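Two complexes are shown next, each including subunit A; its partner changes from subunit B in the first to subunit C in the second.
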Partner chain A sequence: MWLYIVRRILFVLPIAIGVSVVCFSLVYLAPGDPMQSLMPADASKADIEMLKHAYGFDQPIPIQYFRWLMRAASGDLGVSLQTNQPVFGEVMRSLYNTIIIAAGAVLLAFGFAVALGTLAAFHLGKPLDRLATGVSVLGVSVPNYWLGIVLIIVFAVQLGWLPATGMSARSADGFDPTQWDQLRYAILPIVTMGLVPLGVIMRSTRSAVAEVLAQDFIQMLYAKGLGTFAVVRHALRNALPQVLAVMGLQFGYLVGGSILIETIFTWPGTGFVLSKAILTRDIPLLQGTILVLSLCFVLTNLLVDLLQTAIDPRIERA
Partner chain B sequence: MTAGDIPDWAGQPDQGFEGYRFVGFNLYDGLLNWDLSTAGVEVRLKPGLATAWHIDGTDKKKWIFELRKGVKFHDGCDWNADSAVWNIERLTSDKSPAFSAANFARGRSRTNDIDHAEKIDDYTIAIYTRTVVSLFPYNMPFILMMSKCALDKAGNDYKTYAMAPAGTGPYKFSKVVPHERLELVRNPDYWDPKRVPKHDRLILLPMPEATTRAAALLAGQVDFIEAPSPDIIPRLKSAGMNVITHPYPHTWPYLLNFQRGPFKDLKVRQAANYAINRQEVVDMLGEIAIPSYATYTEYQKNYGHPFEYKFDAEKATALLKEANCYPCAVTIAISTSGSGQMQPLPMNELVKAQLEAVGFKVKFEVLDWNTIIDAFIKGWQKYPTFDALNFSSGVVDPLSGVIKSYATMYRSPAGPNWGWYQNSEVDDLSTKVLNAFDEVEQNRLLTQINEITSKDAARVFIVSDLNPRALSPKLKGFVQVQSWFQDLTPIVVTDK
Partner chain C sequence: MTDAAALSVSALPAGALPRSRGYLATVRRRLRYDYVTLFFLLVILLIAGAAIFAPLLTPIDPLKTSMAFRLKPIGYRNFLLGTDELGRDMFSRLLHGGRMSLLMGVVPVAIASVIGSCLGVIAGYAGGKINTAIMRTVDVFYAFPSVLLAVAISGTMGGGVANGLLALTLVFIPPICRVSETATNQVRHLDFVDAARASGAAAYRIIFYHVLSNIAAPVFIYASSLISVSILLAAGLSFLGLGVTPPTPDWGQMLANLRQAIYVQPLVCALPGIAIFVTSLSFNMLSDGLRQAMDVKS
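Then we have the complex of A and B:
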């Protein structure tokens, strides 16, 4: 097992370097000039050159990349052109905010999806299966920005139960999900964000559990006189690696931030920061955010791989 | 706020005029400020941290500012000539220990006429310009004065300074939730007693999404929103919100390429202006705009009597045929969103239909806001396929809004004359304005420029925004003035 872990971690290194090259290079392909977006229309060439020098954009791109990589390796991702704040702090703060709602969304989705998916698998082709499948299709089909607005109108405007947007004034030192007066701000974004993973995980659970249920050992379990719940437990344990892989991927996608959801709810997560960085050509912030998010995605996949192996040792042998 | 993020509060704000409106002008003052006290009149400059100003009797590049006495920054340090000169230097010279590239860049459109500043005595300074610029004082509200002590204490590090910023403005910094809210509190010792805020706390929340802003207002989470979308205004009104509009210096035009393509021809430009049914655009926007026929709006004193190309489809078609451009293919760059761009997609679709109805064949290049800014700054020559650019503007001050938009010396990329408009009469008048130190004479000349450029169809003038805002019925005292900037200090929020 340890050898497997080391081998998987070693695989991550070239991926991380590849990601750094891609995310550094890609931002230069977009039209628009970061200096032009900072300077007025009548700025002189000398002013623009001075600013480029101040930010290090006057160096050849390979040198910029090398310096950036060296700094990034020590946790220094530069300074945001727009906010003048260290990129590392900006990214970490937004990542934390996104993880709060992404984790909430995935856990919420996982709970409902596993229950519905298992129920559907045990009643394949019956009305309960069709209902659960309908929920799943709804989950992946309903545009979440639309759902977000509907939830705001119902729960914030009409009922007044939850706040429409934001994070509360008490989040000045960081969002604390254990405090109800802060957590209530996260509920609508979590529910909105959880809809897509609910649909995806439910479909995976349904097919994985159905596949397991079709195997001979399930009939043997029934023949031995096991009750339905015991059979469900066995079926789920066998289906879990596949479901976990999907859940991990969904979590990775969500940590990448949902620009639309975070914009609608004014939730300052990675999607919010990323969209701002794109729109303002804030290259250091863009590069830093993409790098951290990509690494998060790679690490999430690594963790899911390891977890799958722990649940089902046959994967390691494969 | 409609801004996508909290405007930077450590000195010169980002986020354009919204940054100045909500943060810059609340935490800081300039040597001169805008007088935002009276609705119905065009806003004027008024004394700020300087009580008086004048051009030197012999040197027309030397401006004298007499500074206000007895003013303290929020950190208790004194305002005086040393702090004024230090502020000018930190925004103009990379040799200053307090230089910040971001602050330099944000203030550059207002400081690039400055050569240097010097102290005359403890409460008098001189600012020297590089050329004779009679309109130079209009830059002064945008050059914000911050405390040297506070930045010294922060080791000239603006990130550290941002944790305890100190200006002289009517509000003091209280706290921030990054990217989510900025909280300011009343400055009871503000030097202008009439502008001491009538409320204790001002909470600024960025909400770029119009539906979210409206929902937050309806839910009672906020009391004041800007730019509600036209389709939600009836809902806001039915819920008892006060929706207010007011003209301000804003135009939503097509800037034209005068060097390449059909708009070089006056007849084609006239045809485009005749083709626009402005009332139809206004109706689509639910009356939150007014027709536009010139660079100034009709509510500004320098509007004069411009030639108004009222909608006339037949005349437009005839002009295109006379110009041998029928059908007349044009490529127009538009944005999907952006500051002052109103509802760019539906508005442009409607204008396209109107232009095509008279014989134009319109192709849109749809760009994101940053790319449009890039195209505007670099000029037509970097984007030669663009015959026009949809880029909102307004005459907030005549220097940036008129002179730099039309004078040959400000052709892009040296200035914002995007399509290289060239008219010797306008150039002569611009030179005269920059050398005229009598305001009446300045206004007479600027009025002439407005009339000439409208007759010359220097842009396709379409509409001007009416700056809608929606206020909770609990909010009282707000006076919407004819400006991009507004004074929030008189606001009172009651229980009912």
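Then we have the complex of A and C:
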């Protein structure tokens, strides 16, 4: 197993390098001279020449990449064109906010999904199963940016129970989820975000539990005289590692794909930074955010794999 | 011995042997009794028909603005579904908007299916270094969540339909490539492929006759499940201002523009989202039904 862990960690390196190449090329994908994307439009010619030299844009591309990589590895992702703040700091501050709602969404979804999925697996093909499967199809088909708007209309505009958008002013020094007056701002984003993982996790719980239930030892448990709840416990314990892996991946997708939800709720996370960067054509900020988010996704996948190996003794990896 | 067997079969009276149905006939038979799937197929046909024949179905110009009739409710005068923030007819815009959404849903998946399955078949059939080169490159693109990759590409290249199509196509090539590589790998080691090779069939013949016909079903099913994802992603890009350039109507963009008006006309604002939802749901259900009818394991 240790060999597998070392190999799996080493496998991440080429992926991370590939990801950095893709992010590096983004500047060249942008229309026009890369210098124009990195500098404000009204920069003087002398300034451009100076920066061109400072950033090494007069060098061959592989050398440019290598220099950029070295700077990025030391946490220097350049400076935002709009705010003149280091990109790294801005991304890291917003990453915390994104992780908060993504974690909330995935935990909420996990709770409901495991309950519904297990119910469905125990009633395979019956109306209850159809209902649960229907919920999961709805969950993956609904455009969540639209659902967010609908939830705002219902719970913020019509009922006035929750704030529509933004974040409490008291979260300025960092969001504190234990304070209700700060947490209430996160509820609608979390619920909206949780719908897709709810559908996906439910589907995998249903098939994993159903697979366990088809095994002989379940018959044995019933024959032994165990009640339904005890059997559920056994089935869940066997199905859980697989479900947890799916949940981890969903968390990764949410962190990376938070842009739509955060735009709707003006939640100051990485997605919000990203959409701001797109609107203002702030290429350094865009590039830095995408690099950090994709590396987060790679790391999440790695952690999920390692955790699964650790908690599921049936998986033998060499 | 084969001659004897053939003789004995042809010697039987016609109809004595149970006629085995072909694969496609079996699939068609299963679909005919699957009313849920048929219903959603009908919904998709209706939506596509409404989008294609939009100019015939509504006399009102989807681009005609009118400041006097801004944000009117559903059923106001001759505005069947009300008007948007510039006084344009919502019914007409929804019909016309379907063109873009369906285009952005189907075209990227279709192009990505061709490119992705070619790459996958090459990687799976060739094996070795070629496989490593193709599949490891695909792994890198797998390291981006799909939303992020689409936003990254069209965000840096700027909005517009062409960039949106390109971004979505690039997003879907890696997963399709993986599915077809796996399927090719499974087929490649089956006995009948060895038999074909032993009887002197060239590589291209094996690929076209034996491999492609056997990976077509899983790739097709997988691609069909991506259409709904593509519609949601495309509308999302438009929602962020990265899709269709205004004033061309598009569901995602209409949703974004009407967002400011949720306090005035909540029902009208919800309409484009309902359109996206129904379309994506129908494609999901159709894909599920096809998967069952074609007996492909997910």
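Simple rule for what comes next: the second predicted complex is superposed on the first by the 274 of 318 C-alpha atoms of A that agree within 3 Å, B and C clash if a C-alpha of one lies under 4 Å from a C-alpha of the other, contacts with A are read in each partner's own complex, and residues count from 1 in each chain.
Quick note on the criterion: a contact is a pair of C-beta atoms (placed from the backbone, for glycine too) under 8 Å apart; a residue touches a chain by one contact, two chains touch by 3 or more.
Quantities reported herein were computed from a predicted structural model and do not represent experimental measurements.
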item	value
Partner chain in contact with A:189 - subunit B first, subunit C second, else both or neither	neither
Partner chain in contact with A:153 - subunit B first, subunit C second, else both or neither	both
Which of subunit B and subunit C A:26 touches, first, second, both or neither	second
Which superposed partner A:241 touches (first subunit B, second subunit C, both, neither)	neither
Which of subunit B and subunit C A:139 touches, first, second, both or neither	neither
Partner chain(s) touched by A:275 [first = subunit B, second = subunit C, both, neither]	both
Which superposed partner A:166 touches (first subunit B, second subunit C, both, neither)	first
Partner chain(s) touched by A:93 [first = subunit B, second = subunit C, both, neither]	first
Which of subunit B and subunit C A:78 touches, first, second, both or neither	neither
Subunit B/subunit C common contact set on subunit A	31, 37, 149, 152-153, 157, 263-264, 275, 278-279
Residue ranges of subunit A in contact with subunit C within the complex	14-16, 18-19, 21-23, 26-27, 29-31, 37, 137-138, 140-143, 145-147, 149-150, 152-153, 157-158, 252-253, 255-257, 259-260, 263-264, 274-275, 277-279, 283, 286-287, 290, 293-294, 297-298, 301
Sites on subunit A touched by subunit B in the complex	31-33, 35-44, 47, 50-51, 54-55, 81-86, 90, 93-94, 149, 152-153, 156-157, 160, 163-169, 171-172, 263-268, 272-273, 275-276, 278-281
In the complex, subunit B residues that touch subunit A	4-5, 8, 10, 14, 94, 100-102, 104-106, 108-109, 112, 158-159, 162, 175-181, 183, 203, 205-209, 211-212, 215-216, 218-221, 367-371, 373-374, 376-378, 404, 410, 412-416
Subunit C to subunit A touching residues, read off their complex	136-137, 139-141, 143-148, 151-153, 155-158, 228, 232, 235-236, 239-242, 255, 259, 262-263, 266, 269-270, 272-274, 276-277, 280-281, 284-285, 288
